[in-house]
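Have a look at this one.
A, B and C label the chains in the order they appear, each numbered from 1.
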Amino acid sequence: MAQTVNAPTLPPPPLSAGALGWARENLFGSRLSGALTLVSAAAIAVGLWFSLAWIFFSADWEVIVKLGGRFVIGQYNAETSCPGQNCFWRPQAGLLMATALLGVFWAITASVSVKRAAFAVALTSAAFAFLPYSLNEMGWDVRLLLLANVPALGAGWAIGRHTPLNTPSRAIIASVGAFLLTLLLLRGGFLGLEPVVVEKWGGLMLNILLALTGIVFSFPLGVGLALGRRSNLPVLKLLCVFFIEVMRGMPLITLLFMSQVLVPLAFPENFPLNSVTRAAIVIILFSAAYMAENVRGGLQSLHPGQAQASRALGLAAWQTTLFISLPQAIRNVIPALANQFIALFKDTSLVYIIAMLDIVQIGRAFIQGNTEYLLHARELFIFIAVVFWVFTYAMSYFSKRLETHLGVGQR
Amino acid sequence: MAQAPRVLTYQGIPVWRHVVIIQWTLQIVSAVLVVALVAWFFSNIANAIQDRNIPYGFDFLSRQYQTPIGEHFIPYEPSDTFGYALFVAATNTAIVAVVGVALATALGIAVGVARLSSNWLVARIAGAYVEFFRNVPLLIQLLFWFYIVLSLPPTRNTHVLFGRAYINNAGVSIPWPLPTGGGDLYSGGLAALAPYLWLASAAIAVAAGFVVHRILTRREIETGRASYPIISGTAAAVLIGAVGWVALMIVNGDAPFAISTPAPQGAFGRIAGGFTVRAGLFVLLIGLVIYTAAFIAEIVRAGIQSVRKGQLEAARALGLSPIGVLRLVTFPQALRVIVPPLISQCLNLTKNSSLGGAIGYSELTSVTITMTQTAPAISLFILIMASYLAMSLAWSLAGNLYNWRIGFKGA
Amino acid sequence: MTTAPEETPASDDIIVFKDVHKWFGSFHVLRGITTSVRRGEKVVIMGPSGSGKSTFIRAVNRLEEHQRGQIFVDGVEMTNDVRHIDAIRRDVGMVFQSFNLFPHLSVINNITLAPIKVRKLPRREAEQAARALLERVGIPEQAEKYPAELSGGQQQRVAIARALAMQPNVMLFDEPTSALDPEMIREVLDVMRELARSGMTMMIVTHEIGFAREAADRVIFMDEGTIVEEGPPKEFFINPKEERTKLFLHQILTH
């Protein structure tokens, strides 16, 4: 030991530190690893070369430009859907509300990831206002509303800072309210707004609306089913188990199709249910079954002492469930719930089975109707895939952030 | 405290304050509400059947379906019954499920292990694969592959691979061993029987190989002498199989199987011979395998990472080789974590095969949807539900069987 | 069975057990417990594991439901009447071996939850009281932290503050120091001593003989679901009468 006291700090042996050392360790660690590196590097180089050549020279992105705004709102603003009026501003108003609410959440949580999300939405929306006119013939009014997302974000932040709308629970209630208001606005039929039947809603807007509807309504239903499955009343428990297992055993697409035939039968004749509502009901029920299993897993992971401590403090059973068990159970399964929401968003693409024109079907219908573009279907579907990927990747990114954020105070 | 009337008390306590009574009342009320809701749906369905003349019942199963099914692996004619047609559709789904699961598991394990590779580049490529294909809806991927295959040349200008295989917009044709002799078992004599005889001898050969392997492994463990169980077992199996082959060749004058090479025939260049995977199945398999493998890769990675580091260190300290560590220590432990979620991916793949209808593969859901035009939807719904639940059950059974085997070997 | 005045026991007995029985399935855990605790009395309960001592104190606020006999707390009988259950639970605070703090709530919210939700105190008032309690248990600076950021001893002191926030007349302690490292046991016992001096009625299941000697008015020794022996600590530790008590004391003193 005595020797080390005066031992000088030596530099590491050559080729064990720095970029070269890193490469030696991680790319050429062994003969096999080196070979793998060379092979995969070659594959990447060739793949990149052909992809870039294809993207910039052989691919024809005209099909994307041609569809333009229809990807976003489908036929919503078409003359046949919204005669005599310009209806584009209604989905735009929904977007503005969403941006403002993100601003509110940013002000309340002061979280970096919420801030990033808010700016991403506002700036991306605004950026679309600067697309050249020759590309999509977008009017100045549309562009102005897109640009308005930036001030909307600021306004939302100010609201979250300086008004009573300053707690997470209030902001969540406001979000649900804004969502329902958006649905109402899109539907129209009041204050001189031309009604737009739901069958005409389409594009990415439809995917997002269906996913949000699914999340908003399936969440409480799923929690209820989870509690029902854990109840000690046999009838209730059996019904919940049966419902959950049947829903989880069937493909969504089968349920969606059958909903068009069977759901009307389960309601009295002339019950006002359009095909979109029926689809939304099925998506909610389907998603709730999966949600229930996740929440049940969370409830099972809780220590029984938690509920005992709560009861000993004098909280009633419902208060214990609401304030102690559920918050912990849900927080324990955030990753699973996030995956569930991502799956739900991806599943909205299945509405093709009931002839709804979501973003995928907008593209598909275009190819089928214009066979001269048949060879450019791949450009189209790559574009749609990237759009979906951006959304789902953002969702999984923010769920991970939320998990670490809420991880504070957890063992 | 005011005295409550006697009828409203239980054990001397007013009933509205009695814990047991409150609990039971709440539970019974909730159960009654749920049951009432379900009953309402059923009575509506019953009324609809009566008032709106909705067809029901299962008589249709023995009627002729009179509609062709695009693809079938067992003989089918349009004059066959609805019941048989449903069975044909179910086999189509089952074949996709089994082949898809086998391929997806293989690819998934490869990608999952690659994600944990010490080679940075390989790990990154695998990670990018998972992040992309997992987050894009399966339907988009299927449509992408569908239009790629659609843009392939038609059969008369087919692409030729290695001079022996063909790929065109009708599918892929590859050389395949087909039984020689062929024809009727009764009139064909030994020539028709030979392929079956050889399959039987092959089964015996494999069984013998396993027995040899087992005996030699035991001998190696007991005596400590190197006995080469794997080599000897394989040799025994190959030897018995070859003897059967040669014997049949001598007796019959022809090999029991011969490689059939596909070749274009006739004016339209239809490909005959070999084995043809038709476009619908081909696209569905590519899509399902690539999509599901991304999920399986994550499961495999999590499973391997769940094996505690101390286990690996202990194994290495015992002097096991890296391969030995992986084979004898890591995998057996990781499998316990991997198998349950893997089973649920098998289930998902089976359910996702219902998207086959979108790309022209006649699986269970798409055939059922066509049937709703000429058969009662309610009955079809019950049948399709039962079929999917049966397939789910089959996968769960496989998983439980595995769990039982593991439990048998000790936890 | 109701709490008619003539059945209410003498008012200086705050907790009364009359022939209380409890079974877990066919296992007879409490075999006729009869005892009472005076207002302001500190009772320590000892006994080997499985003797029913935990079940005994958990029966006081019905975390374990007794099946025969009667339990009175502050003149209210523990029955199936929700009003009685709520009244007793509000009157009785409890501290657990595993702390059972709510991990998703900050320390201050752990303490104010029940006062706000059950006693309907305004948040500001509840928080003031909570800070005063944190001061009292010696960790005023930890109010905004989450339970997982505290040491075991600090967590247990928060748990004591949380129970005190409901202004109980009785405090139950179910092995409050068993899950703690030795250096943290002291800080928790100090808080409990201070509480004892303030005149709180306390029932404590513990193995801390030093604490029992110093703070208890009475020690109850339980074995196999019955009270084997009870008495003032001096007598109990120096002159136990029963063989089983002697054996038990011998084991824990010489281990």
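Note that a residue touches a chain if its C-beta (ideal position, glycine included) is under 8 Å from a C-beta of that chain, and two chains touch if they have at least 3 such contacts.
A quick note: this is a predicted structure, and the numbers were derived from the prediction, not measured.
Any chain that touches subunit B and also touches subunit C is listed here: A. Central chain assignment: A. Criterion: smallest distance from chain C-alpha mean to the mean of all protein C-alpha atoms. Ranking A-B and A-C by contacting C-beta pairs places A-B first.
The distance from the centre of subunit B to the centre of subunit C, with each centre set as the mean of the Cα atoms, comes to 58 Å.
Measuring from the averaged C-alpha position of subunit A to that of subunit B gives a distance of 29 Å. For the pair subunit A and subunit C, the distance between mean C-alpha positions equals 49 Å. The multi-chain contact residues of subunit A, meaning those touching 2 or more other chains, do not exist; every residue touches at most one other chain. Note for the complex: subunit C touches subunit A at residues 61, 63, 86, 89-90, 92-94, 96, 98, 100-106, 113-114, 117-118, 145-149, 159, 162-163, 166. Interface residues of subunit C facing subunit B in the complex, by the touch rule stated above, are 1-3, 79-83, 85. Subunit A makes touch with subunit B in their complex at residues 26-27, 29, 33, 36-37, 40-41, 44, 228, 231-233, 235-236, 239, 245-246, 248-254, 257-258, 261-262, 264-269, 342, 346-347, 349-350, 352-353, 360, 364, 367, 374-375, 377-378, 381-382, 384-385, 388-389, 392-393, 396. Those residues of subunit B that touch subunit C in the shared complex are 1, 11-14, 17-20, 22. Partner subunit C is touched in their complex by these residues of subunit A: 303, 305-306, 308-316, 319, 323-324, 327-328, 331, 408-411.
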